[in-house]
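Please find one structure pasted underneath; my questions will follow.
In this document, chain identifiers A, B, C and D correspond to the written order of the chains, with residue numbering beginning at 1 in each.
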Amino acid sequence: MIVAMQADATEEQINHICDRIREFGYAPHVIRGTERTVIAAVGPGDKKEHIEQLKSADGVENAFPILQPFKLVSKEVKKQKSAIRVDEITIGDGGFVVMAGPCSVEGYEQLMTTAKAVAASGAQILRGGAYKPRTSPYDFQGLAEEGLKLLAEARRQTGLKVITEVLDTEGVELVAEYADILQVGARNMQNFALLKKLGEVQKPIMLKRGLSATIKEFLLSAEYIVTHGNPNVMLCERGIRTFETATRNTLDLAAVPLLNELTHLPVIIDPSHATGKRSLVRPLAKAAVAVGADGLMTEVHPFPELAWSDGPQSLRPEEFARMMHELQPYINLRQNEMN
Amino acid sequence: MIVAMQADATEEQINHICDRIREFGYAPHVIRGTERTVIAAVGPGDKKEHIEQLKSADGVENAFPILQPFKLVSKEVKKQKSAIRVDEITIGDGGFVVMAGPCSVEGYEQLMTTAKAVAASGAQILRGGAYKPRTSPYDFQGLAEEGLKLLAEARRQTGLKVITEVLDTEGVELVAEYADILQVGARNMQNFALLKKLGEVQKPIMLKRGLSATIKEFLLSAEYIVTHGNPNVMLCERGIRTFETATRNTLDLAAVPLLNELTHLPVIIDPSHATGKRSLVRPLAKAAVAVGADGLMTEVHPFPELAWSDGPQSLRPEEFARMMHELQPYINLRQNEMN
Amino acid sequence: MIVAMQADATEEQINHICDRIREFGYAPHVIRGTERTVIAAVGPGDKKEHIEQLKSADGVENAFPILQPFKLVSKEVKKQKSAIRVDEITIGDGGFVVMAGPCSVEGYEQLMTTAKAVAASGAQILRGGAYKPRTSPYDFQGLAEEGLKLLAEARRQTGLKVITEVLDTEGVELVAEYADILQVGARNMQNFALLKKLGEVQKPIMLKRGLSATIKEFLLSAEYIVTHGNPNVMLCERGIRTFETATRNTLDLAAVPLLNELTHLPVIIDPSHATGKRSLVRPLAKAAVAVGADGLMTEVHPFPELAWSDGPQSLRPEEFARMMHELQPYINLRQNEMN
Amino acid sequence: MIVAMQADATEEQINHICDRIREFGYAPHVIRGTERTVIAAVGPGDKKEHIEQLKSADGVENAFPILQPFKLVSKEVKKQKSAIRVDEITIGDGGFVVMAGPCSVEGYEQLMTTAKAVAASGAQILRGGAYKPRTSPYDFQGLAEEGLKLLAEARRQTGLKVITEVLDTEGVELVAEYADILQVGARNMQNFALLKKLGEVQKPIMLKRGLSATIKEFLLSAEYIVTHGNPNVMLCERGIRTFETATRNTLDLAAVPLLNELTHLPVIIDPSHATGKRSLVRPLAKAAVAVGADGLMTEVHPFPELAWSDGPQSLRPEEFARMMHELQPYINLRQNEMN
C-alpha cells in the first residue's frame, strides 16, 4: 500500500506511520520528495482495515492499496476461464448459452407456451421468477412455491434447465430443490447473508451486478460465494444506473472484456433489464456475442401486453426466434476466431 | 395515467387501448392533437402493472403515472409529521436527536469509553454495529451477539438508547431483543424480505437510503415496512453514489426539505458515511440542522487510528464534544423559528 | 402537454390554468379523477417556456411535455438515414467507416507513420488533434495551425480524409480550411455559440456526446447545428460519466439502436475515449459493428509509450491492423443481413 | 508518482521504467513485494503526460499521481482565503454575499421591479442573463446587448453590483464593459478557450461547476483563469447531475467545506439551479450559511408564472424577503462563531 503524508508532516508523524506499518507486518519504505513524503509498504496484502487506520493517523493525507482485494475469483489465481457445468450444458467453455423466459411465472399456460417456444428456437435454459423483488409493496410478488413447481414441470416437458431468483436466506433451500441455477438479483448483490448461504449450496449461482456496483464490488460479492464454498459462480451484467432516462439502465458492455481480464468467472449479458425496451434487445444481443460474453439472458412472453411485469422489454416468441436466427452467424464467427 | 400514442397509431389501436383502460377500471379520455393522440385515464390508482401492459401494446409510444406510488407514508394521507417514541425520547417532534458511537462494536473498553463520552456531550442514542455488512469477505464482520450484549450493557451504564443494524431476516428477532431502534443499511434498502419482516416488529426502524435509490424508491421501501404493520419508520439520508470521488458519497441535503414535503416520516442525516472524511462532519451537521432534519447520526471512536472500520470518518470524543457545542445555537435558532 | 394539479387545487386555479393554456394557443381538456385533476393540452408543440410557466402557477403539482423537443434531426421528419458525403466516402449508407490516428498531432514523423499505417490497414479517415482541450492548463495544448498543416500533408500523402477538433468560434474558419470533417468535443457539446457557428460551415460535423448528456440533449445540440444551416451532422458516442472508475467512461452502446430509432443522423462509436484502455478497444469495436453503428473512431500511435496524450488507450499500428482484420467478417455479416 | 508493475513483469521491464522515470527528471525507488513490484518516483511534479506514458509501457499495471494537479488555486500555495473586491463589496472575507435576480433579463419593467425588490431585502449583487445558454435552439436565447444595458440601468437605479453570464470568447469584451462580475455557466466550465480569455480580463469571474465535473476538474478550470492572469475567481456549486430526478440536480453541499480545505477561492451556492424547485431554496440557503459558503446566488422573478425561463425555481419578491429575513440570524451566528 502507499501512504502519502501531508506537505507539513513532521518527522515524528512519519516515524509513527512506519511503526504502525511494521506492526501490521509490512516493510515500510520512506521516499522523500521535494513536496511531500510518501511511504510505500510491501507485505502480506493490502488490508482495508490497515489502510483505514493509516488514513486516520495525524499527518497522513491519503493511503491506498496497490493490490486488488479479490483473490479466488481473480485471473491471477486461475488463468483459464471456469467452465460451469449444468448437467450436459457448459457455461464458459467458449460457447454462447441463451437463457430465456418470462419475467414472472404467471401460470401453467403462460409458462409452458413460453418454454416450448424458446426451446424450439434454441434456448438452453428457462428463466422465470417465482419470487419477485418489487420496488412497490403493491406490485405482484410472485407465485412462490407454486411458481417453482411450474418451472420444474416446464423442465420436464422441454428438457430446458431452470434458472430462478432466490430472495433471501430463508428461501435458499427450497429454491435449490427446484432450480438448476440460482439467481441473485441486482438489489441483493450486497446481501451478504444471502451470499454466504449460497456458498454452501451445491448448485451454480448467477450473480447480477448491483445497480450502482463497481466492477471491484461485483467481484468481491462473487468472492463471498466462492470463499464460502461454492466455486460455480457466473456474473451477469444487466445495466447500471446512470443519469440517462431514455433507457431503463445503461448496459456496460465494456465490463465484459474487462471482466475477462480480471476474473475467470463466466459473464452473461441481460439486455432486457438493461434497456427496458424490446426493440433494443436484438442489436445488443449481437453485441454481447461480439464483445465476448459467455451467454445471454432475455425476457420472452407470449403476450407482452398481458404480462404481469416487464412487458415493455419482453420479446414475443416470434421476435425471440428471429433474434436466435440472427445471432447464430455471430456465434459461428466467434467460434471461427477462436480456432 | 397518461398514454401517448405513436404519431402513426391507427384508430383500431387507439380503441384497443381505451378498451384495456376500461378493463382496468379507469375511464379513458381521448385527446387528439395535430401531431399525436394522447389518452388520459382516471380511476382507482396508477398501477405499475397497468402502465407496463399499456406500454407493451402496439401503437403506444409511452405511458406514465400521474399519482405517486406510495400511499401510507405520504403527506397526502397524514399532514403532520410522525413523532416516533423511543421511551422518553421523541424523534420528529421538531427537536434534533443525535445518535453517535463507533462504526463497529470492538470490545468492552472501546464501547464504554465512547458511550460515556457521547452521553456526556449530549447524544441521546448510541450507535454501534454488531453485524457489519462489508464489501469484502476478508473484512471484519462484527462481534455478533457479543456486540449486542455490549450495547445493552452500555445502555445500562449511560442511559443512552441503542440503535444497531440488522442484516437479514434470520437476525431480526435477536437484534430486536437488544436494540431500541433497528437500522436497515443502505445495501439492504431493497431487501424486501427483510423489510416485510421488520413490518412485524414492535420497535422503530431507521431505514437508510440505498446508494443509488431515488427518493421515490426510498419511500416505497418505507411503505413496505408500514404496510406490513410497523408505522414507526424514520428515514436516513447517508449520501448517494455519484461520479465524484473526492468524498466517499455525495450527501443529498436537498432530500431533507423534499422529504418533508412528500412524507410525514422523520428524516435523519448521516454525514460520516456521506463524506468518509472527519473534517467535513461538523459543517455538514450544522447544515443538517439548518435544512430541517430531525436528527443526526455520526461516528465517534476514542482512537480512530485503531478503529477496525471507518476510522477516517470517525470523530474523536473531543471533536464530537466541540460539534455538539457548536450545534446547540443552530438548534436553538431553529426552535425559535418554529415558535 | 400534461398538467397535473395538486390534490387540493381549487376550481379557480384549474380555470386559471385553462386560460393560460388557451393563451398559449393550445386547447385544454380537463380530466377529473377521484384523487386529482389533470389537464391535457394539445396544440402547436410543447414549448419548454409554456411548461415552465404552468409549473410555476399556484395549484400545479407538475407539468410535462408529450412531444419530443427535437424536430429536424428526428426520424419523424425523415425516415431514411442521412448519408453524409465526404468526397468519395459516404457515412451512413449502411457501410462501416473507420477513423483512426493519434490523439494529438505531435510532429511530422509521428503523424506520417501513423497515417500510412492506418491507411494500409483500411482506415478511410485520419484523426488527429491540433487543438487539444485539456483538463489542466499545464498539459500539452496542441500544435495549433502547424498541426493542421501536418494533417493536410498526411492527407496528400495517403489519400485519407481528415477529421480534427475545433475548440471555439474563433477557430472555426481556420480548421474548416484544412479539415474534411470538423469535430466538436464532448466538453463542447453544449457550447451553443460554437454549434451555431458550425451551422454556417459547408463541411460535415461530428458531434461528440457530452460526458453527462442525455440522448435528448445530445439530439438538441445536433438540432442547433442543423437549424443554423448545416444538415451534415454525425453523432459520436464516446462514453458517459458514471460512478464506475475501472474504465475511463462507460460506453453506452444501447445508444446506437436507440439513436437509430430517434434520428436519421449517422452514429459513430469511439471505444478509445470510452474505456481509456487499449485492450478493450478491439472487442468493443466488434460490438459497435454488431449493434448497428455507422463507423468507428479509434486512437493509434506508433509508440504509445511516447505519446504526449492518451497513450494508454492508443493502439499500436500492428494492433490496429489486427483489429481491422478481425472486424471485416463482422462488417460482411452485417452487410449480408441487410440484403 | 507511483507505478505498479504487473505480477509477471520482467526485470528488463522494471529497468526500462526506471530509465524513463530518470529521463523525466524524477528519482525512481524500486520496492519489491511478494506479489508485485512498485516503483515510486519523486521529483518535479506528477505530470499527467509522464503518468500516461508510463501506463502505456509493457509490464505496467497502473500508474498514478500523488500530488494534486492544481497549484495556484491551492491552499498549499496560499493559506488565507482570497477576498475578492467588487468596489465596496468584498466576497470571501467571512461575510455572506447574496446575488439575486431573474434568470433572464426580459425587459425594463421586469428587471427594475426585481432589482428594487432584492435591493430592498438586502441583496448586494443583481443577477440576470442577457445571453442564455439553452439546451434547445427553440428556447429564448436572451436579449443580448439590450439586456446588458438594462442591467447597467438597474445598477444605476439601485446601487447593486451586476453579475451576468458570458457565453463565448467573442462576447467577453462586451460583457466586461457592462458587468461587475462575469459568470461562466456550468456547460462552459471546460470551455478552455473562454477560460483563457477570462484570464486577461480585469474583472472578477464566477465559475460554475460543470454538471458532471469533479472537484479536481473544477479547480483545474479555475487554475486556467488564474494562470492566464486573473486571480479574482470565485467558485459556484450549483448542483451536479446524478440518477435522482426528483430534483433538477443534486446540490453537493459537502463541496463547500471540502473546497475550503483545498483552495483559497471563495465558494458560492446556487440552490435555485441545484433543485429547480422554489420551495427547496429557502432551507438550502440556510444550510449554505451553516456549512460555510461565502455567498448565495438565487433566482427571483416578480411573476414566476410569466417568466421566460426557470419560473418553477424562481422566488417571488416576498418569498425572497422572507428568506433574507430568516437567513440573517444564521449569518449572525456564523459571525459569532468566528469571533
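Structural remarks
Note that in this section a residue touches a chain if its C-beta (ideal position, glycine included) is under 8 Å from a C-beta of that chain, and two chains touch if they have at least 3 such contacts.
Note that the coordinates shown come from a computational prediction; the quantities given were computed from them, not determined experimentally.
Listed by label, the chains touching chain A and chain D alike are B, C. Relative to chain B, the most remote chain by averaged C-alpha coordinates is C.
Looking at which of B-C and B-D shares more C-beta pairs in contact, the answer is the pair B-D. Two copies of one chain, chain C and chain D, form a contact in which over half of the residue numbers belong to both partners. Chain D has its Cα centroid 26 Å from the Cα centroid of chain C.
Inter-chain centre distance (chain B to chain C, centres taken as mean C-alpha positions): 38 Å.
Centres computed as Cα averages put chain B at a distance of 30 Å from chain D. Among the residues of chain C, those in touch with two or more other chains are 212, 241-243, 245. Touching chain C in their complex are the following residues of chain A: 212, 214-216, 240, 242-247, 250-254, 256-258, 261, 271, 274-275, 277, 279-280, 283-284, 286-292, 326, 329-330, 333, 336-337. In the complex of the two chains, the chain C residues touching chain D come out as 20, 47-49, 52-58, 69-71, 133-140, 167-171, 187-188, 190-194, 211-212, 217, 220-221, 223-224, 227-228, 241, 278, 304-312, 314. Chain B contributes residues 2, 4, 7, 29, 31-36, 38, 40, 42-45, 66-67, 76, 212, 241-243, 245 to its touches with chain C in the complex.
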